[in-house]
């Protein structure tokens, strides 16, 4: 099993979800995160004092998939999340030893 | 002096009651205004310091403060005639010989005592903005009580009581430019000089945690300020109307003034700037509200907006950590208003103006001198006493006036009050 | 009784109009006060129950409630003379033989009807704090309407109408200690006894989701309470002034009382404690506001602060889940005030005090007896009827009065209203 | 016309001062009402657009607006007599020949100017709800100033000045159904037609980011509306009392009306629905407040609640993106009220009703004709001028009136004001 | 070393924490996340406009454990988090190369 | 590729970011998390009712690095995040199969 992780722009979430659902993914988990990278942050000004904020709001997706699907899911994410502008984010794949569904105790592919 | 209930005017009484309620509402408004500007971990501590002023100062006012501020006819301080609100249902303080002041009032004495109480509450509450994020709550309790009695009541007597030496001298303060704003503003400076800077200031960013809260507080302050200023006419009459109009005009003009200079200097007109500018204008018009007319409030407001914005930039350079700019807004705004009054005070607007302002027909500098004396006396008295009080507390209180480093890092809400502001996450 | 518009006093009318607006504002204030204390998933349901009271109870008041509370001159309940606000523009209810009450009023009857309406709205709204987090909205709609008509209007008639049996008996209730606070407080107890505990209570922590919201609500309540209490003088006069002062003093003293005992018992003075204490003081002073003077409000407030804090600790021991302490604050605070009034009621402050309080010159226990009767009658009537109403609704309504377990877990906002309180995350 | 200060009635003045303060408070209330409904990234921009109206429009009102709206006695627009608030301390505008209007006023002229100012501020502020989330702040500054002077002051003159052609014709508008709500509502429509839709609307969900903020705003609006409507009686008298009662009744009935139809159509009674319904009722009763009685306000409110809910559903079908339903609530609600007034206006309630409404004894359609003329004139004038102003600004301003796509995505708070609404996370 | 990750229903957090603590786990990290899966989301209505929200609030747990404890900890989580209703969540196990305690610089099992 | 994960005290974030940036790290992702461990939580009191809150606010960092940099980055984090007091947090390293940059589709080291 693999865990495909994606960091994307928040407003792309619906498109990405649709894309992986379309591929057959039945579940996923998202987290509000903040990214730092080539994309610049922004400046805030409060009563004349300037603060530089380096972090940009991003959404992180985590999707458990069968080994064979990892690349395809990663590609789906990338295609759907791409705007071509800096800050589109990353996708990475992590090996997973085991997966279980809590409700049933099923393991492996059945647990997805 | 027994109040003759035959003189009671229900309209004036209604307006004073409404005004007292409005001024009371300003303290929660101030709490929110400041509360939105601090970091999440200190929001409750800020709210608490302000709400607690409604509790402690009010009780002290009833027990002793009103009597010290208005009892008797001495020039420097009141007496004990009204301790525990004795006789307040029927009696006004005596008017000094040859002056008719309380004798002209058309609302019950208890209403006057209640109205003045709200000023006594909010004045020390203003200081919370300067000392934010680092004072122990128990130290605040002591400071608040001592300051309200030792610093506030004498200055209120000097300026607001017809027997007070500044009042007699001819200094004008319609609704508290010296008594409230300069007094609290300079005390804030003294307090932060003793207290020291917040950990990490000014390197670490400490952005407001909720500007909507601050804007809400601004709205409440603005709304309540009509009671503060127009209520200070002591009647529902033309002066009250003029004070009302001037209050609004100055707030509006100051907002524009602040935003213009902010836009020029830092590229954006900010929401916090709009709020701060409005408050600066309200501060500056306070001493002038019922004494000026025409476009004077627009000028006073616009000047206050610009000057206060510039004044705020000084603190980083001078190195004192006035967290939420009480000095820049209340001290400087109060000075702007109290001194510009000497230029615009107009007997045509208010017959109580004995010495017309410099820009007014037949005007002169007499008033300017009186204003400088009043301002100077307040600055020195309040600064010195406040400094001494905080220093003394720092020595006398076990633990001093400041929270330990680690508690400052954790935040005052948890360490001082065992609470957190928000628990949005559900379990 | 036709109102003679010659008697209209614009000052009194202005104060009553302002007071009515202030009391109206208390219900949104209460909504926020409670709304901040519940968990995120139930904030809207809490706000909605309160705002809905502004909708439903007001309409019922116009259609029938005012007439039932004030029409006619029977001792137990009004009549149908003013149904649909008929004649309210020009007519007051009749005064009972030998009494001049409405006949003394100096403001238009429609203002009286509007002012009283605001009390009718907020009284059942107080109950929402007890039943929080578990009642179906449709059950609340039924309960609210029935309670406002069946329970509130008779008690209001007994106490506030000059024809009411408790009024005639001599029981005193300046602004609603029995009618509003004891009435709602005991009803809250009855309601939660039928409704049962929240899932997980008291094991699972259910911390307030936003104390700033609660503090804001407290500020609004305190502000509005000046209309509630000082408006109940029915004029802008000395009694109104005294009621105003007492209201503030009691709130302040109760805050201190609560915080002191809280600090001793649990180690910290909390922000929620300050807010709760202030409300407890406001509740306790309500029946007394225009009848006492001097330091009496400080005593009444301080006692209320301490007693209400202690009373709240009982619920866990006794095992009833009064979510936000309506019983501990409103019932107990109302009792404290209604009974202490029998000690402090002072004819020197208000000529309407026929039986001076026990601690007052020439005082005696006569008033105490009347107060006990009034309190007892309200307790029994309200408890029994409320219990019956909730039980009946639980049987008659499909689905009963309580939400299903799963909906309680998910939260009322989503399940009852298809909304969520906050959506901070951007997409 | 010199005001005779002998005619000053302190009670009426007190009520007008309080009312002016209440109306002022509505603009912050509106800011929060709208602010809660937008997405987090645009909350400050919304607050700012509203608060900025308090700044800019007030200053313009003092400089020129009041004079254009009320100076002189022409039928179409005022003059320059009161520029810079000249003479406002003592002078009213002249009454037209044969009419006694200002001559009957019992409060100082400056109070009238201040009270009217608050209406001038909130009217353009209403438009912010329609154009939410996509207008450049600098474009708003220009639009606001131009609209307040070019569109608002003439319409105010037509309807509110005794010399105005619609006033003279006999059209009735107690507190601003045409001047405020229809005027702002139709302008909102014109503005969004030029501005275009928000990116992603209507496909992408744009849920309110904080309904508690919206509910708070609703409470403030409702509270302030008593000043808006009952203050428009110009005195603390029976008409004011009736306007007060009607205001509340209509808001309550409209809340119920909205919730019933909402429950039927979408399955739930929502909190936002309760708030929206109440506001719809307040809008609809505005033109009628002091002219109707009995259960008329209940009917007007209920109709407004239902009709406005249905009207809102149109925007998706018609394809204009009126973000927060200014058209559906203010335009439609204003129409409902202004036209139903022609059915319910009752001389028994207010002697100023010269042409009784259709449902009233001796009533007829004369008033309906006048109302239609007033409504029609306002609709055409405001729509055309607003459209032209926004179009012109779009051409003339560098960058046009709309923010670039990317800035809209990032949010207005950061891009227009360099601020964020909330920073809950601690570092 | 292994990282045991669990996605659970928020109100089960206390039970799960107690269960793994009971087993001997001395530390863990949680994150507020949103899950999409077989469990349906909900509908929100604002002024008549319906929005379907597919995501459900969940809590994510991350627990570093010795290799040998991974299965047992996963089971503890599952037992404590199970309600038997759809949406109970998932548990998965990821291999970890190294673990350090920041305070002391300790590595491996000592760092837990 | 490796994913270096760190749990740190929130107020150390700026220092840690500076330290890894200084090393050459060009991007990272952070999440607000809550930690449970040896560091005690706190007590909250509401109207006399005491609640013990075991969780402490922490920040989680995730940094994708080349295999060879993992240890060095972990050390940088540790050095910068250390206060020496309990609760400083953990660092761990997880193997990563693949990394992609969404904008360009680049993979591996180029995607960092």
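For reference, chains read A, B, C, D, E and F in written order, and residue numbers begin at 1 within each chain.
Please note the rule applied: a contact is a pair of C-beta atoms (placed from the backbone, for glycine too) under 8 Å apart; a residue touches a chain by one contact, two chains touch by 3 or more.
Predicted model only: the values in this text are computed from it and were never measured.
Looking across A-D, A-C or B-E, the interface that copies B-F in more than half of its residue contact pairs is found at A-D. Superposition of subunit B on subunit C using C-alpha atoms only gives a rotation of 120 degrees, nearest 5. If each chain is reduced to the centroid of its CA atoms, subunit D and subunit F end up 52 Å from each other. The set of subunit A residues that touch two or more partner chains comprises 11, 14, 31-32, 44-46, 94-95.
With touch defined as above, residues shared between interfaces to two or more other chains in subunit C number as follows: 9-12, 14-15, 18, 204, 207-208, 210, 216, 220, 266-268, 270, 272, 418-420, 422, 424-427. Judged by the touch criterion defined above, the protein chains are all mutually in contact, each touching every other.
Residues of subunit E touching subunit C in their complex: 11, 14, 42-46. Remark: subunit C residues 9-12, 14-15, 18, 22, 39-41, 106, 204, 207-212, 215-216, 218-220, 222-223, 226-227, 230, 235-238, 240-242, 244-245, 248-249, 251-253, 255-256, 259, 266-272, 274-275, 277-278, 293-295, 298, 348-349, 411, 422, 424 touch subunit B in the complex. Of all the residues in subunit F, the ones that touch subunit C in their complex are 44-51, 53.
Those residues of subunit C lying in contact with subunit A across their complex are 425-427.
Those residues of subunit B whose C-beta lies close enough to touch subunit C in the complex are 5, 8-15, 17-18, 20-21, 24-25, 27-29, 31-32, 35, 43-45, 47-48, 51-52, 54-56, 58-59, 62-63, 84-86, 88-90, 107-111, 113-114, 117, 137, 210, 213, 216, 220, 413, 416-427.
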